[in-house]
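Take this structure, written in structure tokens, and hold onto it; I'll ask about it next.
We just call them A, B and C in the order they show up, numbering each chain from 1.
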Amino acid sequence: MKMEEKYFEISSENLKKFVERIIADNFEVIAPMDKDGDTFYGKISKFEEANLDILLPKMSYKEYLLPKTETLFEYSFSGADTDIKDGLEAAAGANQKRVIFGGRPCDAGAGPIMEKVFNWDYKDEFFNERFKNLTIISIACEKPDTYCFCTEMQLSPESSYGSDILLKKAGAQYFAVITGEKGLKLIKPYLSLFKETTKAQVPADKDWKKIFEIEKTKSFLDKNFEHNYFQDRFLSCIGCGICTYACPTCHCFDIQDEGTLKEGRRIRNWDSCQFGIFTLHTSGHNPRVTQGDRYRQRLMHKFKIYSEKFDKYLCVGCGRCSRNCPEDIDIKEVAKDLADMA
Amino acid sequence: MANTKTGEKLQKIAKDLLESGEVSLIIGYAKGSNPQRMRPFFTTKSEEAGKLSFSPNAVQDLAVFLKKPEVKKFGKIGIVVKGCDEKAVNTLIQEYQISRDDIKIIGVECNGVIRQNLADKGETAVSESTVYDKCLICEEHIPALYDFLVESEEPKLNLSGNVKPYAGIEKLEAMSSDEKNAFWDKEFDKCIKCYACRQVCPLCYCSRCIVEKNMPQWIDTNLEETGNAQWNLIRAYHLSGRCIGCGECERACPVNIPLMLINEKMAKDVYNLFGYKSGLDINAKPVFGVFSESDFNDFIK
Amino acid sequence: MENIYLPKLAEIKEIIQETTDTKTIRLTIDGGSIDFLPGQFGEFSFIGEGESTFGFSSSPLRKEYFEFSFRFSGRATTGMNSLNQGDKIAFRGPYGNYFDTSKMKGKDIVFVGGGIGMAPVKSIMEYCFDERGDYGKITILYGARSVGDLLYKSVFDEWKKHKNTDVIITVDPGGETSDWTGKIGFVPTILEQLPLKGENSIAIVCGPPIMIKFALKSLEEKMGFDKNDIITTLENRMKCGLGKCGRCNVGSVYVCKDGPVFTAKELESFPNDF
């Protein structure tokens, strides 16, 4: 049975102590860090290394749920015999001592959304093991930027969906919303740093406004597969995979064998629907010929297909695809355009 | 964004070219998703030419679109280019990818573009500390080749010499092989193989890239040490003697790998060894496409 | 905890060289076949060279083996081409939906196959042969570009032996040999010449997209088949076969899980994304 939410107060000073103590207790703490002129998620060795002022790191922390490359199994040959070693053993128990600290509600929302595709019918235990064990502490956003649209995507800058602990800043202290057992388990040894409170004490969420209705975007997509918009608007798409790889919810992958004549491994690698080869048949036929076709697929998958199958849109509105697009394709603007045309 | 003189001139040229039928498509810049961004703009209609503009935020190398099949089908194309980007047009002509007759080059005099990550954080000044390194060493503020030229309204970049462009190259050159390896191992470890460096490069035009070929599997598919190093090295080699230094690969790279250190080092070596700079002359033979008796050959033992 | 990507090793019982570039491989696991249904597919691999997706081409009622046919063109299939009897092929599956035989019972069945697209047709066809009494008249129309491109030549005679069964083999014009006794003409053209009626009939069609397109048209418009009674299988590039990897979808349909078997009626509702 799902645990009821619990609420705590914690001072900024104690939050720092909490993070330093879990680091001392051998937790791997992944937080936004200033690196290479930008901010990326990385392992911090002390609290000060975390940049909690940044809105969002450049890339998401998807790789902790779906590694860039994951070994599905290892193989070796001796004479006529083939030996196969299950790769799941290595993934089992992954993330047990890993904490994401200082991510945002959008990133946290990605986990339970992706969980659906990895569990319809066939259960992908690689994903499940990593997801089950990862503890996510998010900080509610105070100032989303112009690329953010989590509110349109059924979340909000203060949403606790997918977070084990959501921190909400209030002056010099934070309120911690503990959403379930995992969050509670993490703070339990350090409870002296927290002070339990009630929901009524936690500042209410602001009234975040939407600039378009995602249902309208979907209803346009439902009826306009062949619309000129896709070919015209995405003439400027160069077909790189940044939007999909920066995306916290894009999960498409490739399966490949790699090794020597004696041994090797079957791996799955991140892949992208924006690559021409993604759907290329052996015969040479390709269902998606133009970049317009491919970007349309991305929109369809996010705003139509996934929601029809799994009742959730495959997008958390983090805006990373827009901020990182070399050719300045802004998905929020696109989704709004489509909604306006519906 | 207010209509600047540069913008007005561009609009006039584009309108005339489309109206006269000299081109069927114009590729230029228009305002982007925030006031500090510009984006590629395509139009076939003269009445839309008014959307064209230019600013020190026009970072993209639009020549990349000349390799795209969906764009090529338009036939005759007018393209807005900065000096650096125009070198890509020249190289594409030189390598028989496009015909000079099919391209109207609308050159824009440029005195530097602001690094996009700084612009996104609000930087508006064009200065030696805000522009790309390529701007600091630029010798083509006015494009090497053009059909139309639009002069800049921006003042010339004031170079104090305090900012050393591509300073990392000298540091790398001073390193031992092991140190260099360690440096690049760390950088390539970040790679996610999104292939943005390839896709954004105007000169990476192979219809099937070597990473998409698997008989044999030249490049490991993994996104780990071996696959990433192999990919980045082969990309560098394929561009040696060809890269025109527009820096788009490094700008696009979402994980900030300093790719220009590789490209610029290659360009520097090619110049020192062969006296060749790419992208300046459409009639020149590509440096690795010709043999000359005066080429150095002391590597043959 | 089960690793859904982990294959089982199957032993090659028999290899049939069908044409210069295609083979049929018969496999066994623990000395016999596996449980599957006609129309389903599996992921087959020569470990080290990667997986490929193929539909089963044998009847699941033949318990001594399961088989698939493939053309060698890529890395994985070239690897499999190098294997011999007794070697191992890694297999996972079966996946996907299947031909609903309960809908077919008591009816006349038309099987239309083109080239290597005959493989899944052969599976359901031989299934019907194995339970011959359950079905009415069976018509088989199979075509390929040339005589040399026809698969399953070794079992044509076996097909013809069945009662109340017409077997028509055709090759594209120009693809015939001097001793060719079958038909000459494209599959849809020959199809239109057959005395078929849509009433109480089911048509199963598989082959290259262009053949499917015209064959469906003929069946619907000239022979009065209901769109629900024309069944085909779709092929799209696949990797996982499990509805995860995200590349085989046609609109909102995942070919690997919602398919690969679809009726012409369903096909009609799909966007032009295949």
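Just so we're on the same page, a residue touches a chain if its C-beta (ideal position, glycine included) is under 8 Å from a C-beta of that chain, and two chains touch if they have at least 3 such contacts.
This structure is a prediction, so every number in the text was calculated from the model and none was measured.
Engineer: Chain touch graph shape: choose line, ring, star, complete or other and state it.
Structural biologist: Graph shape here is complete: every pair of chains touches.
Engineer: Which chain has its C-alpha centroid at the greatest distance from the C-alpha centroid of chain B?
Structural biologist: Comparing chain centres, C lies farthest from chain B.
Engineer: Considering B-C alongside A-C, which chain pair is linked by more C-beta pairs in contact?
Structural biologist: A-C
Engineer: Please report how many Å separate the Cα centroid of chain A from that of chain B, as a whole number.
Structural biologist: Comparing mean C-alpha positions, chain B is 32 Å from chain A.
Engineer: Just how far, in Å, is the C-alpha centre of chain C from the one of chain A?
Structural biologist: 39
Engineer: Could you please state the distance in Å, as a whole number, between where the Cα atoms of chain B are centred and where those of chain C are centred?
Structural biologist: Their C-alpha centroids are separated by 49 Å.
Engineer: Which parts of chain B, given as residue numbers and ranges, touch two or more other chains?
Structural biologist: 217
Engineer: For chain C, jot down the residues that touch at least 2 other chains.
Structural biologist: In chain C, residues 50, 74 touch at least two other chains, as defined above.
Engineer: Mind pulling the residue numbers of chain A that touch at least two other chains?
Structural biologist: If we look for residues of chain A contacting two or more partner chains, we find 254, 256.
Engineer: Of all residues in chain B, which touch chain A in the complex?
Structural biologist: For this pair, the touching residues of chain B are 32-34, 37-42, 60, 64-65, 68-71, 117, 120, 190, 192-196, 198-200, 208, 212, 217, 220-224, 227, 248, 251-252, 254-256.
Engineer: Touching chain B in the complex: which residues of chain A?
Structural biologist: That would be residues 35-38, 40, 58-59, 68-69, 146-147, 231-232, 235-236, 238-242, 244-246, 254, 256, 258, 267, 269-270, 272, 275, 277, 290-292, 322-324, 326-330, 333 of chain A.
Engineer: Could you please specify the touching residues of chain A with respect to chain C in the complex?
Structural biologist: Residue list for chain A touching chain C: 72-73, 75, 77, 80, 82, 84, 86-88, 92, 117-118, 120-126, 129, 225-226, 251-257, 259, 261, 264, 266, 268, 271, 273, 278-283, 285, 287-288, 293, 297, 300-301, 304-305, 308-309.
Engineer: Where on chain B does chain C make contact in their complex?
Structural biologist: Touching chain C: residues 214-215, 217 of chain B.
Engineer: In the complex of these two chains, what residues of chain C are touching chain A?
Structural biologist: 1-7, 9, 45, 47-51, 71, 73-74, 77, 86-88, 90, 208-209, 235-237, 239-240, 242-247, 249-252, 254, 257, 271-274
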